[in-house]
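Before anything else, here's the structure in question.
Chains: A, B, C, D, E and F, in written order; residue numbering restarts at 1 for each.
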Amino acid sequence: MTEIFLLLLGTVLVNNFVLVQFLGLCPFMGVSGKLETAMGMSMATTFVLTVASMSSYLVETYVLVPLGIEYLRTLSFILVIAVVVQFTEMVVRKTSPSLYRLLGIFLPLITTNCAVLGVALLNTTKQHNFVESIIYGFGAAVGFSFVLILFSAMRERLAAADVPAPFKGASIAMITAGLMSLAFMGFTGLIK
Amino acid sequence: MKMFADYDQIMERISLQNLWDFPGGVHPTQKKSLSNQTDIQRIDLPSVVHIPVKQHIGVNGELIVKEGDTVKKGQPLTTSENSFAVPVHASTSGTVVAISDHVAAHPSGLSELTVTIECDGKDSEYEYTPMSDYAQRSKGEIIQAICAAGISGMGGAGFPTHLKANNVKPIEFLIINGIECEPYITSDDRLMREHAWQIRQGIDILCHLLQPKQVLIAIEDNKPEAFETMSIACQQEDNYHVVKVPTKYPAGGEKQLIQVLTSREVPSDGLPVDIGCLMYNVGTCYAIADAVIEGKPLIERVVTITGEAVDAPQNVWARIGTPIKHLLAQAQYHSEKQSYPRIIMGGPMMGFTLSSVQIPVVKITNCILVPAAKELPLVEDERACIRCSACADACPASLLPQQMFWHSKAKEYEKAQEYNLFDCIECGACAYVCPSEIPLVHYYRKAKADIRQQQLEKEKSEKARVRFEARKDRLQREKEAREEKHRLAAEARKQSLNKDGGAAKDKIAAALARAKAKKAKQQAQLKDKPSSDE
Amino acid sequence: MNHYKELTVQGFWKNNPAVVQLLGLCPLLAVTGTVVNGLGLGLATTLVLLGSNITVSLVRNFVPNEIRIPIFVMVIATFVTMVELIMHAFTFELYLALGIFIPLIVTNCAIIGRAEAYASKNPVHFAAFDGLAMGLGFTMILVVLGGMRELLGFGTLFDGAELLLGEWATSLRIEVYTTDANFLLAILPPGAFLGMGLLIAAKNIIDDVIEKRAQQSQQKVVQRARVTGTDL
Amino acid sequence: MTLTLIAILVVVLIALVFGALLGFASIRFKVESDPLVEQIDNLLPQTQCGQCGYPGCRPYAEAIANGDEINKCPPGGEATIKDLSELMGVEAKPLDAAHGVEDVKKVAFIREAECIGCTKCIQACPVDAILGAAKQMHTVIIDECTGCDLCVDPCPVDCIDMVPLHDSSENWQWNFKQVSVGDIPLRQL
Amino acid sequence: MSKLSVGSSPHHHNQRDTGAVMRLVMYACIPGILMQTWFFGVGVLIQIALCMVTAVVTEALIVELRKKNTERVIKDSSAALAGLLLGISIPPLAPWWIAVIGSFFAIALVKQVYGGLGFNMFNPAMAAYIMLLISFPVQMTAWLPPVSLTEQSFTFIDALNTVFTGFTTDGYSIEQLRVGYDGLSMATPLDHLKTQLIEGYTVGEALSSPIMSGNWGLGWTPVALAYLAGGLLLLKLRVINWHIPVSMIGAAMATSFVLFAADSSVYGSPAFHLINGSLIVGAFFIATDPVSAATTNRGRLIFGAAIGFWIIVIRTWGNYPDAVAFAVVLMNMAVPLIDYYTRPRTYGHKAKTSSIHNNEEP
Amino acid sequence: MMQYAGKNGLILAGFALVTTVLIAITFYATKDKIEAAKEKQLLSVLNELVPEQQHDNELHTDCIVVPADPLLGNKTQRIFRVRQAGENTGVIIETTAPDGYSGNIDLVVAVDRQQTVLGARVIAHKETPGLGDKIDLRVSDWILSFAGVKYSPETEERWQVKKDGGQFDQFTGATITPRAVVAAVKNAVIYAQQQNQTLFEQASNCGAPSDFVEDNDESL
């Protein structure tokens, strides 16, 4: 139990996917303009990351390893992820328009979020078992959501700030992310 | 909602002088002693009075005088058909010399429809119909009398008093507001000291109308004399209670006073009556007594003229419509004592600056403040908000002024409203304490005005869309009808042509060719100069 | 020809994937500790982008909408895996240095972004050129950022060039200065973000200057359209 | 080698299944067009003035939905751009000056003495805000007029003026600079 | 009559402006600074001066570049205060460029890119401190032992020389100066505890070394108490509210107590945590930075408590022994969110204010 | 509807076929080269410690896995054996220093049969950049100071950092890291001495060679 907790804490804070590991940055920058959107994105990402780490684990252990075709890993993972995501999108769009409004538009973006493939690949390099894989995926997503939401709340505040013209927009967002990442250095060592 | 103290609880605490408090608030220097040392003075009549047709919240009344008419003091100039209209009266006798736009008692300095009367100095009075036996009259009659006397709230908001009095909900507390929390102003103070008895009569009338369980007369503890006289005036009545309220700005705000006395909060989309309270200013009570007992309309009020730029600060009985210039002369104003000439109508916290000395006294004018150079120094430009939240700590409505300011400034009105911008009572406590000297209230006012404007525009664009679409439909229908007609005509022609036989065919071809050429030409024209065709 | 010029300008400046579209940020920030890492990953990305743009453009007419994304990512994944295998075989150390970010080129948003936005709508020669321009534009930013960080963090430039270019390149290494107190911020994650932020700001400043110049020369006016009056 | 063949076969099989799944899903879960244009159109001022370069607000709304810039509507001005930027999730930018500038609100006013009753302005007005019949003088219904000024050009005798709407103390926007009598505002805002 | 001037109400204003507030905070630092100088030498003053000058110059340059009213901006004294607070957290004999780079970073990259005073989201001094710590760990951890423990005594000129050249006039390097009593090199008490624990000693053993006298870190404790006095003054003058200091110290005490109760041989006692390191300075002078702290009262309580919690967690398990800066900057990130969700109930509204974001807090 | 779904399936399958075949071809084309590169990588580290001319066996395959031992950081480790001309001349031991400032430090240590260290290298660590990371050869050549140092119970004293009275330098502001490394190297030598002969007798059991780089993502 403690191990699982530490793994979770480690992925959320110490090795935060966005600020420390540099994964999933494009959506981090792209959809963090508004708190509401960020929350939608967070939920969507959490769902997809968890499912992706689960399904890629299955593909890895039951298809790739037995057949000795690890070199097809990237291809098969991304295929699985893309299909899962797109299928989810279609279903959500049809069955629950309100949920779709919240998550749907972000789902296609997630396929190309490298955090998703990153989780799948890191799971195999770190040789996580099934449960660990899921926890890792979930933790990564929580870490992503966590900083995304904080970041978007900050950016909302930034909207009214008197930022010098050249720094407006992406630049100040990057600098803010940099300072966040600076703060996250404080977590180094929490999990040795 | 917070727990609701019930009647008995409230009365117990009031009798123990153990009141509640409202959050925030500030303690600006009072400077009341400048003007409250002398009796309310009677002053000379001005040579003209400017009486704005509308001096209250609501709609204009119907004018019943025209230029050239002579009017008597107290003669109505407008009538009220609509219950939201309050009539205005000539405040002295004389001749109506103009009914035109005149600069109004409004921060904008814009003009409004105003009746200008040249005074004849006789001050001859109109016939009043007193109603000293009001206790025998029906409520409707009394309310009619209040309305006809042109009374609107004298505490600042200018809400038609007869509307407030025409109430059907049960009232537990009739609250008489003698707080006068604004620094400098002493008009209510003096009125209570000198005319407690008449105020008491006004309260009696209101009690007759509203049947409250309890009357609370709230006076700040910095006015011991007023407290004394009001206590004496009210001592015979069991359910009249004169309450001393700790001095803190803005204790006189309706919502805050209710909170202090009863711990109840007026719901943000509701009215004081919803929680069993109704509030009147002491000046309003005085005017009600005049109106009902003597039938005398509201044509004069007490105005404090104060500030270190006048030599003789005092309270005066000023006729409605008196140009400010006249009052300033009375109090010996010296503009050279000000580095920037500045005249404030109302107090330093909520009053507004006047852009002209021709602006008249209106029903809500309780004070004319002319500060000397160092007295109320002009602030420099605002600095950036340092988010110290001193403003939030001072806000009596528990708002977050700095957030509303950020969003108002960035024109993010939706967010500003999310922070309950419209619950701001514009008391100015926040701007008073702000170390960065940000005119916060100004931003809120701008934002509120903008939001209202945007809503109007939204409605307008909705209307425009409907009309545009209706027009498109109409055009479409017309076009179809026209085509149908053409088709029928063509068919008819065809038939007649067929009868004519072959010779006509050439004719048709020729006509068609002509039509075609014409059309082509037209289109070419249309391309470079799109305009309607014949 | 004009169109090619336009594509080049777009790729390198106006619509640069890294500093304007903000795509492909992860590798951009993660591997730019040195110029050489940046260059290596940039070239790999360019290769993949070129390949995927060509392929996507070729097949764009056969691909049904609903399986568009899976097919595009499959195409990309194939190129990435090939590049990965090749790098693994021939530039082993660089492969190690770039770590997980090579397989992650698959999800480099810039690539799928170009496939969607350009290649799937344009003929193959333009798509190919677009891929090249975008890829090199991306590489340019990787190299500049890598240079900034390497210079501040290590005081060198082109350290480890031999990993990419072979032994001869050792001599490319430039030691700009030495201290015993390197500015570690530059090579740590926060430094990457801050550097990127400054880079974008710099671009904005340059754009501003260019625009100011351009503004003096031209002034466009838009013809107003009329809703009414034409079909009565 | 056979292993490789099997492997390839497996991947192909997976792809087959997935492709079928997506194809199936795309039909099973089909949805109709998006309501975006509607939402955009709701934000536009509906003056139908055409300054954006499109014949009317709705066409411009459609163009925005298809990726056109959001800063082409002068009557809507800054406020509309802000709303649009929020709806579309893009950065707000200043009004494109090529389309005109944000102006004070105006309405058309027909100098009735000069009007010859040609009805051209009626035909030009997109919201039917002008009253009158052929050969009679025309008037503008102020409440209905959107201030689009489309009626000005067609008038053959140039009797239509666009006059700014008056500020009243009720719709005053707390702009002290407009105060006619006052001097310097205490605080420059 | 001349023309009248017009403006918006209120026309009345109380007299304490931003500059006055900032200067009050600076004055309140004086006891702490004096105590620090007493124990750690004049280097402290040199660092403070360097930081303040650089900060003010940087601010002036940038404001000038942005064509704003430079004089007004400088007069608000916020840059000077940020410099001062950075100055007191830099080791007294650190080379001069540490102070310069740090202050420049604080003002240019943490404050002015956001638009200057009031707009920055992060605490400039602390963000700069972290930047320095991770960039130049050697210089930034080179704290001197309290004066009473050093063998060499050094003068103002010595200190100046060390800061600018790295050596005292007698040619001692900072390394040599740091070797104090018993030939042991000196770290701060927190650093000392941390390294001793890694080496496998218990807290008790670690605390018996000369830099500690019992729980009391030598030199550090009086300094902390002096800052406490200044902090209380600020509280009294209502420059700061009680919420942040109280909740921050309270949470730190509570967290460390739980750990201490669980195993007193590996976790420091609450008292140890309270009087060592910069917890007190942090609670009164740093976390209370109005610009980057939460602004609602409930928000401040949460903000302070979270800082206190993270301080103990990072001190205990993190790599960085003095955690105040990290904890403060970490919580700076959460401020907009905290503020958003802790809005007070407005007069006349139901308990839960309506919100368009009806999702719960993550 | 069904045939529509089928068509999509076929298209996707077609793409899958082409792409997998392409990858497979590349894979087989580069396979040997990759194996060789991996081997070379491992060898290059090993050969740095024990130069080519001092051994004649295939270092990277002549390798055993040993169970966890406190002297080797309580983890299963690999040991490579160095033989020359049929003689067992030394071992290269993987070991872990558990008490670095920020956690484990992984090392390889080469020891000859006279308990003299031939060389040591840090493979992976998380020490603070600028402080503890000087143990890394890429940052400073401190680690080279182990080469040629001999261990015996009598010289125990000298196997410490200078501050504690030994012969190894500590770093400015960081003593813990070098202490940990010195101790780990010393323990590895002691382990080699204790196990001495047994290390050479077992059969190789390491399986396919893999490189030393672990946790690549975390040391970014």
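By definition in this document, a residue touches a chain if its C-beta (ideal position, glycine included) is under 8 Å from a C-beta of that chain, and two chains touch if they have at least 3 such contacts.
Owing to the predicted nature of the structure, the values given are computational and were not obtained by experimental measurement.
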| item | value |
| --- | --- |
| Smallest count of steps, each to a touching chain, taking chain B to chain E | 1 |
| Count of contact steps on the shortest path from chain C to chain D | 1 |
| Reference chain D; chain at largest CA-centroid distance | F |
| Pair with more cross-chain C-beta pairs in contact, given C-E and A-E | A-E |
| Inter-chain centre distance, chain A versus chain F - centres from mean C-alpha coordinates, in Å | 32 |
| Distance from chain C to chain A - Cα centre to Cα centre, in angstrom | 22 |
| Mean-CA-position distance for chain D and chain A (Å) | 38 |
| Shared-contact residues (touching 2 or more other chains) in chain E | 2-8, 109, 115-116, 119, 131, 134-138, 319, 356 |
| Shared-contact residues (touching 2 or more other chains) in chain F | 7-8, 11-12, 15-16, 19-20, 23-24, 27, 102, 129-130, 216-217, 220 |
| Residue list for chain C, restricted to those that touch at least two other chains | 30, 64, 66-67, 70, 74, 77-78, 81, 85, 100, 181, 184, 188-190, 194, 226-229, 232 |
| Interface residues, chain D side, partner chain A - complex | 3-4, 6-7, 10-11, 14-15, 18, 21-22, 25-26, 28-31, 86, 89, 91 |
| Contact set on chain F toward chain A in their complex | 16, 19-20, 23-24, 27, 102-104, 126, 216-218, 220 |
| Residue numbers on chain B that touch chain A, as the complex places them | 384, 406-407, 409-410, 412 |
| List of chain D residues in touch with chain F within their complex | 4, 7-8, 11-24, 26-27 |
| Chain A to chain C touching residues, read off their complex | 19-26, 28-30, 71-75, 78-79, 82-83, 85-86, 90, 108, 111-114, 116-118, 121-122, 125, 165-175, 177-179, 181-182, 184-185 |
